[in-house]
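The same subunit A turns up in both complexes below, where it pairs with subunit B and then with subunit C.
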Partner chain A sequence: MTFVLNSSILESLYPEIFLGLVAFGMLLMGRRVKDWVVYTAVSIISLLISMILLLLFDSSNSSFFGGAFVINNFGLYFALILITSSLYVSFTAGSELKHDPEIFFSIFLFVNVAMIIAAFSLNLIFIFIAFEGISIGTYILSAHGKSKRNLEASAKYFFTGVIATGFIVLGSSFYFLSTGTFNLVSVTSISLINKPSMLLAMILLFVGFGFKLALVPLQQWAVDAYDGTKNPVSAFLSSGTKVLAFLVILRVFLVGFSSMNTDVFYLFTIVSIVTMTYGNFAALSENNLKRMLAYSSIAQAGYLILVLDVVSSNASHFAFTVAIFAAMYYSLVYIFMKGGAFIASGAVREDKIMINDLSGIGLKSPVFAISLGIMMLALAGIPPTAGFFAKYYLFLALISGNLWYLAVIGILNSAISVFYYLKIIVVMFRPATEERDFNLSRPILIPVIIGAAMSIALSFLIYGYPYISSIVAGLGVGV
Partner chain B sequence: MLNYAWFIFLTPIIFAPISVIAGKKAKALAGVLASLSILISLILSIVVWLNIRGTSTPIYQAYNWFDNINAGIYVDHLAVVMVLMVSFVSLMIHLFALYYMKDDPRKNTYFGETALFTGGMLGLIIASNLLEFFLFWELVGLCSYLLIGFWFFKPNAASAAKKAFIVTRVGDLLFIIGLAVLYSLLTVQGVSSPLSIPYLINNAPKIATEIGAQNLTIIGLLFLGGAAGKSAQFPLHVWIPDAMEGPTTVSALIHAATMVTAGVYLIARVLPLYANATALAPDAVLYIGAFTALFAGTIGIVVNDLKRILAYSTISQIGYMMAALGMVSTFGESVIGYSIYHLVVHAVFKALLFMAAGVILLSLMELRDVKKMGGLWKRMPVTVSLMFIGSITLAALPPTAAFFSKDTIIDVAYNYFIMNGSNAYSILPWIFLVIGALMTSLYTFRMFFLVALGKPRSKLAEEAKDPPKIVLIPLIILALLSLTLGVVQYRFYDFIVPGTTKVVVPMLAEYTPLTVVVIGLLITIALYATTSWQRINLEKNPVYKLLRAKYFLDALFTRVIAERIILPLSSGVSRVENGFSISIEGTGKGAMGFGGILRKIENGVIEYYFVFLIAGVAILMLLLEILGGI
Partner chain C sequence: MFVLLIFLLTIIFAAISILLKKKAWETAAVESFIILVLTAIYGLVDFRAYTGGIVSSSSYPIDRSIGITFSTGVDGLSIALIFLTTVIMFAAIYTAKNEKFDRRFYGLMMFTEVGLYGLLISRNFLFFYVFWEAIIIPVFLLIAIYGDSRKEKASLKFFVYTQIGSVFLLLSILTLFSYYGSSHGNVFTLNMSNLLNPAFITKDITDKVPFWTDFALFGFFFAFLVKMPSFPLHSWLPDAYTSAPYPVTIVLSGAISLMGGYGFFAVLMPIAPVIGVSTAWFIIGLGIFSLIYFALTAMFQPNTKKMMAYASAASMGFISISFGDGILAGGAVSYTAFAGGIYQILAHGLIMGLVFASLYLIKQRAGTESNLSVSGLWRDMPYISAFFLAGIMASLGLPGLAGFISEASIVLSSYYAIGALIFMVIFGMIITASYHIWVVQKTLNGPFNENMGKLKDAKGSEILLLSFLFVLILVLGIYPNLFFGPILSFVKGVI
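Moving on, here comes the complex of A and B:
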């Protein structure tokens, strides 16, 4: 492995470098400027610029640092999704901050740097460092505000997160033990079938990375952390970092373990079924809005893992392509519908946001209520929203991969989830029991409307499905 | 570019909502708008008629609707005659309804619905695809339901509307099954637009060889089921008498002149299919038609409700039309001419009779029992004279139009007997139709004499008065037509099916129908023109009881089939359904409870979380050990 920096490598790192510099600049600015609007604007603009830089400099297929850092379209797609998610959250984040916006936003940008790096890394050490960058950043973000609730949530997140980090390190070392390298690409050719240490490495890595996805049995921090932190942070934790964790898992298991995929099939199957079912059932009887959304995001992670079921089951090329397409599409839709739902819960001016607190909002602001309703329908997977098509391709992949039972379980779970998603719509249009003052300022209303609009608009993407799937088939996923 | 013929049916459909909305503000406007739209349809129909009169090329314009269904319009000579009749009769009835419905608070709705109905009926006639045809068929069925139940606050009207809807639904189900069978068989053959009417009627022999005459027979019988439901043929006729609960103009428009003939039109439209099926399909049409003609007539002679007498006569007359169509195997397509001619004549005089009845009922405050009327000729001379013209036309006395149209059908039935081996089986239709003619004469003149002659038998009848002359103009036009339409008989036949020859029968057969009509007239004169009928007591007579009970068919349908078979069945189903929903609720509760248990895991104690995490990972590894095998 040679670490030689030349100009082409530097060019490829422009987005990360740029964001990092802006983040440092923000910390300096914090001495003079305390207005959150400024930081929101700077963060939005710099995220947009980094997106442009990504498109300009990272669109070519190149690999450097001895294959540890690979720039390809698959990674680029996810990097763009992740930054989109950050952009989406930035709209609303500033208005919820009471103090130190410069710290919040600079940490936020650092997390984004780490996310971009993670999206392109194909080396376990690189991934580990990037992942830790995200973890530590989000620990700080969730603690921001320093209220008792924030700190408690952050502490729980931190302590359980540390255990997950331990798993990643342990898994990486087992990986190194069996292959002699941390590089994911170079092991594809080696025959590793039935090597116990390899399977152990798989489980440990899955557990470690799956922590961010809040898969059962690693889900417990999620509910407390989402509930306890500020709405924008919950939105970010449940959309951006989740998609990233999913990408990393997909990467690691598609590339690093491609020769023994089928062995992990059981792992994915069990975890996906348990996670879906747990999330949906627990959400059924939950009265706290944010906790309910947290449970539902656990269930959504279970759906995402279904993709891994397909790709690890020796499925046909068609099923494989559909599954990857479903994963990419689901991730894109997910950041809007889930992020939007968490942001929307900011409309209630309380610490503990109960579902019933939303009653009467349908009369106060029909736009808000309809938008949130659309996102709920999208989460439930009801046509014609994009959420429906995301689930459609997911189940299509399962069925064409001959995993009927998983499709059936997934659909049953979706049916259960309709109950609690629709409950919110019903509550919103119910007359209020008591007079309530909702926070319908622009930083909340506009992202909610955008989320609803995207939940509908993204469904038109499927008209390009034949074209998109041909691209997906040629993506050279992971490599 | 749309052919202007599209607007024959589009105009009333477009005007329907406009007249409902406009009528909300200005009540009088609704009727005017609806009538205007139908006038436009009539003018367009006349233009179409003038255009295609000299040629045999129909107007055909169709676009791909979806998949292999082409939808559009198809106007040939048969269709143009029908649209002329429907738009004309509908216009007359609309004009009369301006008077008849003038005091109704919801008359904007009424006119909107009748305009929609007329549009649907016109669309049905010129539809170029059977699927499109079926949609319009359902649309008129819906309008019929709405209009029968127009006075929904009357419990009778509401239940009659329901009955009409449900009974015709049985027919519609058969019809759509027939459509599905035809569609699937032809799609297998690779036909590009399987349900397109021009394709079906131009390629009938080819279709018969491709899919088999047997299959075509099944399709024909299913279509006949649909036609029997809509056109009230035995045994699905039970809804029409009840449908008389609607406004009388509705009865005139829908249940006498236009919608009930849709079934006849359906069979006439696809008659080539019947001609190429095995003999069973046309025979079924013939025998059901002929039997209905007789059967409904026998009930008609004992009914006392003025409108129901007319309803049974409608069923009976449609039986004649059906019977004529059923003789297609012997006479070829010229039977369409015989049938449709009677259809048009019937529409004219039946609309006249219904509207005359409407005037009488309006004057008698909806008293409908003919036994309580009497002496009305003196009190309402114009109306009852118009009714007289309608009655002699219904009874087919010369020189009215029905004398030509109906007697031709009876004569054709006689020729059918001669040309089909002169056996007992093939003479049945003729016998049915001749006795049916006797029945027609009996119930018609019984009704007329009870209404018109003698002394008033109720206080209301004593005070009856003619309405203003101007509102009777539509009736007068129809009366003139029913007297004079006979002169176009053979030109009409020739227009519909070129080369129809004159029907010639032996003298004896030729005069039989007229003779039985005169016999009927004499009997009714003896009984009902005097007061002798009041001395007859038939209450104990078993035949009378049977007829009064309408052959117990209504009882069979409601008490046996509905109450004994369908109700227990549906209650059984609903019990299962109920159990199902209870179990669903149980599942819901169980799921909630389970969710509650799951949530208890999230108790906020972090040490507990660690235990759960490690234990969970351990279990996961154990499971993998068992399943995957390290």
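Moving on, here comes the complex of A and C:
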């Protein structure tokens, strides 16, 4: 590409600036136009344009604000994933809006601005500001809607979220105390005197960021919030913001705390084991579809942070490469399989969606049932879906890193999880007990089909290993 | 190359079956018959002068840096099992005529065949695993959608059990893969011929970290024993077999049950030198225990379908025994043991196909398969009874039929390998014979149960299928060299 876009900080912020302007424009438009189709179209088009602007970035590294804002292919990959997840949910989101579409979509675009900034940030202050932008935006998004359930979910999310924010600030200041910088650079050694404050910073930041990823013991808000909000919003909360939280955790704990590998390893080993086991066992006995999906996404977060265990255990270069590749692969597949599953739950026209409510849908709409079935198989990690290949690289990383006990615990968990994912498939093909009217309109059916198609098509991403493995070093500042 | 074309044809056929709206049964039956004929021609052409090794191999690289290639090939073991698969799938689809199955049913059946075909021709571990798992999905759906009243519990149990087995298979594959890469200068491969190399495992894993060899072996054994199934990992079997509709039961007992045995002889046999003597004893113990335990359990089943399900599991015990024998005995005896075990997979599949196909006809006419209320079938249905009797006799190992060849060679090699303990094997065979004869006595002979009403005998088309299966069993019994030859060459080539 000859057209270079990041010669100055202003140019590198073009996508964010563009999205922000569109968002303000939407608010102005809101007085005259009230049709949700217009706003959905505008936000989809502007997200696509920002994607193109991102792709025009120079592929080499460039850093601004003294290393706080680094543009490289690794961040670019995640920025594109995050925009993809927004695109994926926006179609359904628009159709479910009863009022004020301009407010919903402008907030939605602001959240996207914050997400793109966070994807390129390597500085705790930058990450904090972007993170707050996302949090405040998602509080509003989850409260959107007139029913009390939405408000209740949003209130729970808000009150716990602000506490987590406080932890991030406190953790960042302790980080500054011990390293003298907010930049997540590789601090090679920590003097003995600074070790306690660094440990404190690690714990505090873990509480702050782990909250968004819903790691045990910070998970309970997620179940209530996903259950209470509208389906597209819960799809967005569980896919887009989750992938972002994962990226931030990767950056903060693998780059920022690279001097304390052992502590990071112990912390995340325990957390990953507890998180995936808790998520799976809680999901096993859950009859509410959305709560079950919420528990399953807690379990999936547990698998995701196994990557941190591999990298922080001083594994070989190969294990490191495969681990980060697994993280990137899993994040992309996760958006479609998890987001698609939450969107699919909108087929049931009820406030509380039970798994048994899906019975009979297999006979009414085989396409829907097969698509949801494929996403369930992908979440369970059954070949030939992309969910399997993502897990394949994850467990390859664990084995290559000699962490056999984590591999065994993880893979047993994924075998147990098969039980509740398949329960949904079984229920869908069960004859309906009562006549039920499903919402199989296009805004639900099409994203579900796309999700299923992507859950299979992304298997071919294994072809991309040579390319993607060349950009994994972009996790930090280097290369 | 030719076999790859048949495989592609199978995929196309499966797609046609699931899309075509009319004449679903006719299409599926013709498709599976074409595949059967093509496979038979391929086997006759390519395996007449087979002397071991892999024939018609081909390889398409996907990702060289991490060793993923779509490589295929056929050897003496897989050609026998591919033939078994195609026969069983044809028989299962053919018998499914009378029920009101829709096109999804036949499509799923064809996809099961795709998975099995792919598994048997894969020479790359990733695709081996992908097909290994991909087979479970259509079978699970077949049970979950078309099974009887307990289908949901049975299908979930089937899936979760086999899934827990397969994930350990994945970990074992990853272990071999990762050690191969780190000891060969970061040159990675997933080719089975490279990874299943005892010299590599001994030199690069066992000598460095013995734990990882045990870890890998445990994963392989666990996955294959669940699939076999062996005691104590068998509890999915009676539920799945009995709650599945009969055509699916035929597939389960004939074709799906070959997977465990195939794993033993395709994956574990090449690395037999790594497997310790104590492990071999343990496997033999499991085999003998399975044989006796399942035979005793079968004896007390009032439901003939469930009884034959346990009988199927019992005769899988012979495969474990033969595998252990082959490791313990060494020399020429181990050839007999391994080849006998492989022959047992083949014979067991065909025999169970015949047994369940004729039992299906009995069920259709008498309305139940309980051997308490079905009796004296000879009077009204001599043909069906004759074929059921033939299947039962083959299952208990009557000389002249296929089951005898494998059981004879396994017992013979057991004598060399485990000595006096062979009486345990014989004891199991005696129990097997006793309840087989007993079920014949109950259902076929004795006074006719008048509550069943007037029963019709088999139609011409049904007799055609049953005699097709029976002739195969007979041919395999009196001219075993047809398959025993290639199998023996394969075993000699590997060890």
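In the analysis below, the second predicted complex is superposed on the first by the 444 of 479 C-alpha atoms of A that agree within 3 Å, B and C clash if a C-alpha of one lies under 4 Å from a C-alpha of the other, contacts with A are read in each partner's own complex, and residues count from 1 in each chain.
Convention: a contact is a pair of C-beta atoms (placed from the backbone, for glycine too) under 8 Å apart; a residue touches a chain by one contact, two chains touch by 3 or more.
Here the structure is a predicted model, which means the values were calculated and not measured.
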Inset, instruction - With the two complexes superposed on chain A, say which partner A:225 touches: subunit B (first), subunit C (second), both, or neither. - result: neither
- [ ] Considering only touches as defined above, state whether A:196 meets subunit B (first), subunit C (second), both or neither.
- [x] first
Q: Considering only the touch criterion stated at the top, classify A:267 as touching first (subunit B), second (subunit C), both, or neither.
A: first
* To do: Using the touch definition from the top, say if A:343 reaches subunit B (first), subunit C (second), both or neither.
  => neither
**Asked** Touch check for A:70: first (subunit B), second (subunit C), both, or neither?
**Response** neither
- Message: Once chain A of both complexes is superposed, is A:278 in touch with subunit B (first), subunit C (second), both, or neither?
- Response: first
- Task: Figure out whether A:163 sits in contact with subunit B (first) or subunit C (second), or with both, or with neither.
- Result: first
(Q) Output check: A:419 vs subunit B and subunit C. Expected answer is one of first, second, both, neither. What do you get? (A) both
Interface residues of subunit A shared by subunit B and subunit C, listed 416, 419
Subunit A partner, complex, touching residues on subunit C are 62-63, 65-66, 68, 104, 126, 129-130, 133-134, 136-137, 140-141, 144-145, 152, 155-156, 159-160, 163-164, 167-168, 170-171, 174-175, 177-178, 181-182, 186, 211-212, 215
Subunit A contacts subunit C in the complex at 316, 318, 362, 366, 377, 380, 382-384, 388, 392, 395-396, 399-400, 404, 407-408, 411-412, 414-416, 418-419, 422-423, 425-426, 429-430, 462-463, 465-466, 469
Within their complex, subunit B touches subunit A through residues 588, 591-596, 598-599, 601-602, 604, 606, 609-610, 612-617, 619-621, 623-624, 627-628, 630
Listed in rising order, subunit A residues that touch subunit B in their complex are 155-156, 159-160, 163, 167, 196, 199-200, 203, 207, 216-218, 220-221, 223-224, 263-267, 270-271, 278, 281-286, 416, 419
